[in-house]
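This report concerns only the one structure given below.
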Amino acid sequence: MNFSIMSGCHEALRGYPVVVRVPVIWGDLDAFNHVNNTVHLRWCETARVEYLMRVGLWPAFPLAGIGPIIANLSCDYRRPIHFPDTVHIGARVTRIGNTSFQMEHTIVSEALNAVAAEADSTIVVLDYQAKRPVPVPPEVRKAIAGLEGREF
Amino acid sequence: MNFSIMSGCHEALRGYPVVVRVPVIWGDLDAFNHVNNTVHLRWCETARVEYLMRVGLWPAFPLAGIGPIIANLSCDYRRPIHFPDTVHIGARVTRIGNTSFQMEHTIVSEALNAVAAEADSTIVVLDYQAKRPVPVPPEVRKAIAGLEGREF
Amino acid sequence: MNFSIMSGCHEALRGYPVVVRVPVIWGDLDAFNHVNNTVHLRWCETARVEYLMRVGLWPAFPLAGIGPIIANLSCDYRRPIHFPDTVHIGARVTRIGNTSFQMEHTIVSEALNAVAAEADSTIVVLDYQAKRPVPVPPEVRKAIAGLEGREF
Amino acid sequence: MNFSIMSGCHEALRGYPVVVRVPVIWGDLDAFNHVNNTVHLRWCETARVEYLMRVGLWPAFPLAGIGPIIANLSCDYRRPIHFPDTVHIGARVTRIGNTSFQMEHTIVSEALNAVAAEADSTIVVLDYQAKRPVPVPPEVRKAIAGLEGREF
């Protein structure tokens, strides 16, 4: 485990089974002297990878078999983030479809003690060889249900 | 002018008043050996800055007066992008509200000769000192209308 | 304090007055599936900023007065770094000249329990207005000597 | 060919057999409102990849056989680069050893019409399976000599 995992550190992260903690690095800042808006999505990506590793949906490299591909991302920016700071990024699955699922993220800033951004993504399960979507495997559904503590 | 400006190079970019052209750099790739999904948003950012400069809504640095802040971003990923390639990124305003406006982007890959991604964003006009939204200035509305060739 | 500060966690970091701890994020990987070599320099940058803040040589933004500018960087790569991992980056001053000083970095990987890279940099003290080097201020020299526990 | 290849566009690039041209993107800027120093090294990386592709030393992915790995990088920063601008990055081999070679880079800014940075790197030829250096293959030496127009 390389990320400190916390639960309930901030109420906005309550209910998130995966929360990763990342310090802002200075180079995350842009010319506005706050964290560039694309960095939030790199943080979410790391939380997503951590989540997918835990439910057995992270591929080996070189890529083989099936694995995730991102189809859509969206992010609402609430508050600018400065340096130094540390952010906590939650990841949870909110819906499982046939060949895809929705993942939700909340980013909390320690310095602000507040939600800095919220993001959503749609992740498709792909057969990397055939380059086409395949159904979410039953064992992945089960692992997600186990992590989230509820049925889908 | 540092970006080659084209209009209509690919039909998906027809109607875009601002199109910037950026080569994929090798470091844009991630472990999947395709361009990381956050890079698309850095490209859109550059097209957005180019657009905002042209309509007089780009601030001087150090920041003063009023200027843009991004409130929301969303991106649909259609096709993975590889190296080497060059992408064309269109930027256009689709709606002007009171204190904000919507900007739309299409990313076309030269190698694929196809749309690789589409993005939307909400940009708020902020008074940097007061840290609060202000109405889109009339001269900016007029400049946008001039660039888009239509009234809003 | 946003970075965990450790001393002596790995013998290669012994003697470093500033050590910052940063998790590898997934997007740090490139197509070789290891951390891209430019990321090491972003990590060093953060350790450098932390160091400069402590010795009173970090400017306010918007930039005013005097502050650091990097004149030279060099890095020796010893071992590739993978995800997940956490790295510890040490920063220390090894020499103070008239208008510049040398900073040295060691990057230790927790997963490897070994030195992954070593870097050197030359930092010049600049008058941002005049855009010209100025002598390292006596109070900065003193703060560096205090932090390093020796005279220069 | 995705990069415009020029020769002699600026006298500092004379003699460079590979020159790539990349626009500064807005996100390359850091809080100092100039291009962050790690971006220069990403540019050099792209020039290096272009060079290595031309001399047949760029691997297929997933990695197999032999290919390059970077052992050392160093960069001298001469002038800050701003946005918008376009840079030209030269790559040339200056020395070939047994299992490694030296590559040199010059970065010229169009806006400044001047050298902005110079970099050096040591590239080792690695057997990716065995994870150990192997001699620079004769056909690669020959291709480098052909590109550089001189014997090594």
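By written order: A, B, C and D. Residues from 1 in each chain.
As a convention for this text, a contact is a pair of C-beta atoms (placed from the backbone, for glycine too) under 8 Å apart; a residue touches a chain by one contact, two chains touch by 3 or more.
Please read all numbers here as calculations on a predicted model, not as lab measurements.
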item: Set of chains whose contacts include both subunit B and subunit A; value: C, D
item: Chain whose average C-alpha position is farthest from subunit D's own; value: A
item: Subunit B and subunit C: spacing of chain centres that average the CA atoms, whole Å; value: 34
item: Centre distance in Å when subunit B and subunit D are each reduced to the mean of their C-alpha atoms; value: 29
item: Chain centre separation in whole Å, for subunit D relative to subunit C (CA means); value: 25
item: Numbers and ranges of subunit B residues touching at least 2 other chains; value: 26-27, 31, 33, 38, 42, 45, 61, 63, 83
item: Touch list for subunit D against partner subunit B, complex; value: 1-3, 20-27, 33, 42-43, 45-46, 49-50, 61, 83-86, 110-111
item: Subunit D to subunit C touching residues, read off their complex; value: 31-32, 37-39, 41-42, 45, 61, 63, 69-77
item: Footprint of subunit C on subunit B - complex, ascending; value: 26-27, 29-31, 33, 36, 38, 61-63, 83
